[in-house]
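Below you'll find the structures, each written out as structure tokens.
Shared between the two complexes below is chain A, which pairs with chain B and chain C, respectively.
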Partner chain A sequence: MNQRFKIGDAVVVRDAHAKGHVRAPTYLRGKRGRILRDFGAWPNPEKLAYGKPGWPLTTNYWVQFRMDEIWAGKGNYGPNDTITAEIYEHWLEPDTGAAQ
Partner chain B sequence: MAKKSVHDMGGDPAGPVDRHEHTPTLTERRIDAMMQLLRRKPRGFWTTDENRRTIESLSPDTYRTSGYYEKWAYAMRGLLIEKEVLTEAEVGAKLDEVKARFGKGAVKPAKPKSKSATKGKTR
Partner chain C sequence: MSMHGSRPEHGQQHHDDDHDHDHDHDHPHAHDERSFQPDIKEPSEEWEFLEIALRELLIEKGIVTAREIQDMLEEWDGKCPENGARIVARAWTEPAFKKRLLADGNKAVGEMGFEVPGLKLVVLENTPEVHHMIVCTLCSCYPRPILGLPPLWYKSKEYRSRAVREPRAVLAEFGTTVPMGKEIRVVDSTADCRFLVLPERPAGTKGWSAEKLAQLVTRDSMIGTAVALKADGARAG
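And now, the complex of A and B:
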């Protein structure tokens, strides 16, 4: 079941494998971030990609990740650097372990 | 672990990104115009997401070695046949006709040229 999140909510990208047209890049799966913006509900592009109407609608968010969460020290970035990605709600779960 | 698709390249080793701008070639403009005519109303043969899915389904070699608009051209060919707007035979016959008229090299989109003023500079 899809969930709605609020700005600032701590989330985890689902660490799932899916075939076909998928809108959650592999390098972000299983990574923890926070909701930065809410773009509202849209037809699901992963279904539109196969000629379907895209229901149920799914909310598109900007999710902000700390670079260190993704690259774990490998690479050239500052301690406060972040990366922001568009992730749809059906790829997100609440991060219950995060400090609020 | 499932093997990821060729387009899903975030975090893979890669060289620096070439950020030079270039003026779109005539071929690139034509591919863009054709895509808009086929994808938008009143035709609306497919969605942006179907275009992306088709590009992601190109063979890894084709994906890596083709330019942006070359990928669009391959996707248009695939989707026109998938959506039964044209048949494989019709596309093939037209390509043969064009090749015979202009020679084999003419159907390949021209390589983009960098603006010489910014050549060699990185931001």
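And now, the complex of A and C:
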């Protein structure tokens, strides 16, 4: 399967407002992160949830975000703390503005 | 009643335990009446009635038997953090196993007879640089086939919302302090992986057997809300 992203790539979670059973948490939408791992291709759970077979398969990426990117200082975390989440490929866009 | 578990020997004593009043009794009650804890709640929600209806229909139509349902419940109740502790302790004592465990969790735990069907078991190693802490903000994803059912707090909206935003405050409430410079990596379990934390091996345990080490591996240390116990069995801050 042709994967769109590779480890280390800078990505943005799509800031979409899809209804129903979606797996990209709202608090991460529009946030910038980096691909940490590739967990392989899976049937799309957002289709499985509605009794469909889940095709085409979608790659599940482990994406890492800096705490400040998400909470902008309004939280209780350290300077090096991060959040990771599993985000499916169709929720990710390349972050063209990121410093390489 | 007091929250501190003072048990009344007879009907009257519990009043004296709670407050030093003079028994002038401006509150109506009978002294000989015993109070009981409420029983398990009767079904009242729609989903509870749906579950009962579905279960009864499946049994009535001969698709499953009542015994099979009970067997399944018993099987799930039998899964417990001690399984995870055995896996962790083996990883601490066998470097080759640890390597396989971190590379392919499903395959490595399969060697020990554990299965995580349909999901990818990802074991995350805590190191002096990184402390992992697992949460499922969307629901309650948890490595159930290994650790059994998650604790109630893991499923609470409070833990799920606060773990990602104020992990250090949450850890403090668990009695866990992670040095400020060390990265806390909050792992939101949002999809097909199930994460198990491999805690750091406690100091002073050189030469210990896997069986002995497993005693130091707590459930919370495999979720990342705590670290493993110290060599003397004391809780580590």
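Here is the rule we use: the second predicted complex is superposed on the first by the 97 of 100 C-alpha atoms of A that agree within 3 Å, B and C clash if a C-alpha of one lies under 4 Å from a C-alpha of the other, contacts with A are read in each partner's own complex, and residues count from 1 in each chain.
Going forward, a residue touches a chain if its C-beta (ideal position, glycine included) is under 8 Å from a C-beta of that chain, and two chains touch if they have at least 3 such contacts.
On a predicted model such as this, the values are computed, not experimentally measured, just so you know.
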{"item": "Partner chain in contact with A:Trp71 - chain B first, chain C second, else both or neither", "value": "both"}
{"item": "Partner chain in contact with A:Pro25 - chain B first, chain C second, else both or neither", "value": "both"}
{"item": "First (chain B), second (chain C), both or neither touched by A:Tyr88", "value": "second"}
{"item": "Chain B versus chain C as contact partner of A:Ile35, first or second or both or neither", "value": "neither"}
{"item": "Chain C versus chain B, contacts on chain A by residue", "value": "C"}
{"item": "Touching partner for A:Pro45 - first (chain B), second (chain C), both, neither", "value": "both"}
{"item": "Touching partner for A:Val12 - first (chain B), second (chain C), both, neither", "value": "neither"}
{"item": "Footprint overlap on chain A, where chain B in one structure and chain C in the other make contact", "value": "25, 27-28, 45, 70-71"}
{"item": "In the complex with chain C, residue positions of chain A that touch it", "value": "23-25, 27-28, 39-40, 42, 45, 60, 62, 64, 70-71, 74-88"}
{"item": "Residue ranges of chain B touching chain A (in the complex, touch as defined)", "value": "1-2, 4, 8, 10-11, 46-50, 52-53, 56"}
{"item": "Residues on chain C engaged by chain A in the complex (per definition of touch)", "value": "120, 122, 137-138, 164-169, 178, 180-193"}
{"item": "Touch list for chain A against partner chain B, complex", "value": "17, 19-22, 25-28, 45-46, 48-51, 70-71"}
